[in-house]
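Next, two complexes with chain A in common: one pairs it with chain B, the other with chain C.
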Partner chain A sequence: MKIQVNEQALILPNSMNLEQLLVHLEKPLIGSAVAVNMQVISRSEWTQYNINEGDNISLFQAIAGG
Partner chain B sequence: MLSDNELLRYSRHLLLEEVGESGQHKLKQAKVLIIGMGGLGSPAALYLAAAGIGHLVLNDFDEIEVSNLQRQITYQSSDIGEPKVEVTKQRLQQLNSDIKVRSINKQMPEQQLSMELTMADLVLDCTDNIATRQMINKACVEAKVPLIVGAAIRLEGQLMFFDHSQAESPCYHCLFPSSEEQTLNCSNSGIIGPVVGTIGTLQALEAIKYFVGLPSGIKNKLKLFDGKSLDWQTFAINKDPQCPVCGQA
Partner chain C sequence: MLFEEMKQQDQLIIGDKHFHSRLFTGTGKFNDQQTMVAALKASKSELVTMALKRVDMQHKDDDILAPLIKNGMNLLPNTSGARNAKEAVFAAELAREALQTNWVKLEIHPDPKYLLPDPIETLKAAEALANKGFIVLPYVHADPVLCKHLETAGCAAVMPLGAPIGSNKGIKTAEFLEIIIEQANVPVIVDAGLGSPSHAALAMEMGADAVLVNTAIAVAGNPIAMSQAFANAVQAGRQAYLAGLGGQSTEAVASSPLTAFLEASL
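What follows is the complex of A and B.
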């Protein structure tokens, strides 16, 4: 399955949900936020969202500095 | 009614149909609580005082350190060791003696914050750690006070606006549910001054727009700023139905 993650093309070996994607990419689960096609998906919904072909996924961290 | 001095001072606002005399009067009535007087709070407080926001409450508990001066533009070398809120208050009163400025030189416990929110129309979160950000968010949700959140590290900025006067508004916790200090801040990651200044300046712009009644382009949205490319990304934030802070009680 072909998707975009932070504007880079990525081929997924199998279908997965958002939480599995973060694990697959070795991203921290704590402090991360995920958006699909510019819509933030809440942490509580990561396991329910199954990634679709062509999804444009953005991963970013909470930043605290000020 | 605005005085002759005010008509002159705010003449560039009065020329705008988006502000005008009625908008300036709304700014004069406005009460804003700014929490954090660092790289975000410095430009935000200066711009809001200059714009004639009638009541500003400044909160921080830090003293000015030499490493602050690279980005916290309210302060001068001679201010090192002084409390940030006191120096800022003095600067703002020198800038605009028509406005009222109050300072709170301590880390406010939840109860005091809630009490302050009963007197605030709007809060700017200009703080530097997640635990405080979560506490401010929770208090604003409970008090139904709109919250403009800014954050920056390295060459990256984040900006969001949650109008908690609206029951259906999402909150900071819907976006970032963690309060663990794994997050990045200026002292462990570094920051370039104009990046944090850009975000603080935009918090002030959104505050002014809110009071004069202009729609916000960032309500229930997260804006990510990339200081390298100067690109912005905009993400929609929905209420998390499971959110323990803003979800159904």
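What follows is the complex of A and C.
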């Protein structure tokens, strides 16, 4: 399945939900936020959102700032 | 009421949270994470700001969050990087998911040279975010009229600037901060530009409810010692405000009795 993650093309080996994607990419679950096609997906819905072919996924991370 | 009692009961309330410390701090610009955590702990700050960025797919980022949560700090995500109201609302919604808080420091500064906040977009975003249930703390210029509009829009506090972000220039907006403080029905947090503890003390003496300091602590020779210095200054300034400062006068007002005893003895 071909998707975009932060403007990079990615081929997923199998179907997965958003939480599984973060684990697959070795990104932390805590401090992360996810948008699919520019819609913010609530953390509680990560396991229910199954990624679709062509989804444009944006991953964000909390960092230091003033 | 005794002054000590008054001091003990002096708590800052924003939204649903009570604060003992009136020094809020930022987490940016520290040389390393260990120094950052030690400095924030030494400051006794109970609210610390954070930012959000797109994940770099090539690199692993440091886990900045765990030590802050472990030390019981309340997190205040900002919308830095947003250039308009739409982007700021998007950033706030992301931050709410990332940090599991509906608090947001709303900042929209499209011009990278001076990082001055866009008042029109900030007001638009503040209205939208307050309607969505966010606790909104907007970073704004020291504009008393704008601050009243933001209060009406449902902001939980206002954060007028002393000087441009990271400039360390101190309070260049004093006359207007005084008006904001006089008129506000929500807490006033002086944010940006405070470069030394004396600047923070001055803001507190003027009656500000809190200050937010990042750069001046993070880039100090010894950030841990500097954060303590800021904490002391904020406490001193607040105590001076509560104690009631004496009035100013152009002419001298003698502190010793001007009796003519020298002449009398001649």
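Things worth noting here:
Please note the rule applied: the second predicted complex is superposed on the first by the 64 of 66 C-alpha atoms of A that agree within 3 Å, B and C clash if a C-alpha of one lies under 4 Å from a C-alpha of the other, contacts with A are read in each partner's own complex, and residues count from 1 in each chain.
In the analysis below, contacts are C-beta pairs under 8 Å (C-beta built on N, C-alpha and C of every residue); 3 or more make two chains touch, one makes a residue touch a chain.
Everything numeric here is computed off the predicted structure, so don't read it as measured data.
When both complexes are superposed on chain A, chain B and chain C occupy overlapping space and clash.
Contacts of A:30 after superposition: both chain B and chain C are touched. In the superposition on chain A, contact is made by A:63 with both chain B and chain C. With both complexes superposed, C is the one of chain B and chain C in contact with more chain A residues. Of the two partner chains, neither chain B nor chain C is touched by A:14. In the superposition on chain A, contact of A:38 is made with both chain B and chain C.
In the overlay built on the shared chain, the residue A:5 is in contact with chain C alone; chain B does not reach it.
Counting contacts as defined above, chain A residues 28, 30-31, 33, 35, 38, 40, 42-43, 58, 60-66 meet chain B in one complex and chain C in the other. Against chain A, the residues of chain C that register as touching in their complex are 26-30, 36, 49-55, 57, 60-61, 63-66, 75, 77-78, 80, 90, 93-95, 97-100, 165-166, 212, 214-215. Here chain A touches chain C in the complex through residues 5-6, 8, 25-28, 30-35, 38, 40-43, 58-66, going by the rule given at the top. Chain A contributes residues 28, 30-31, 33, 35, 38-40, 42-45, 58, 60-66 to its touches with chain B in the complex.
The residues of chain B lying in touch with chain A in their complex are 36, 38-41, 125-130, 133, 150-153, 156, 158, 174-178, 180-186, 189, 191, 196, 200, 222, 224, 233-238, 240-243.
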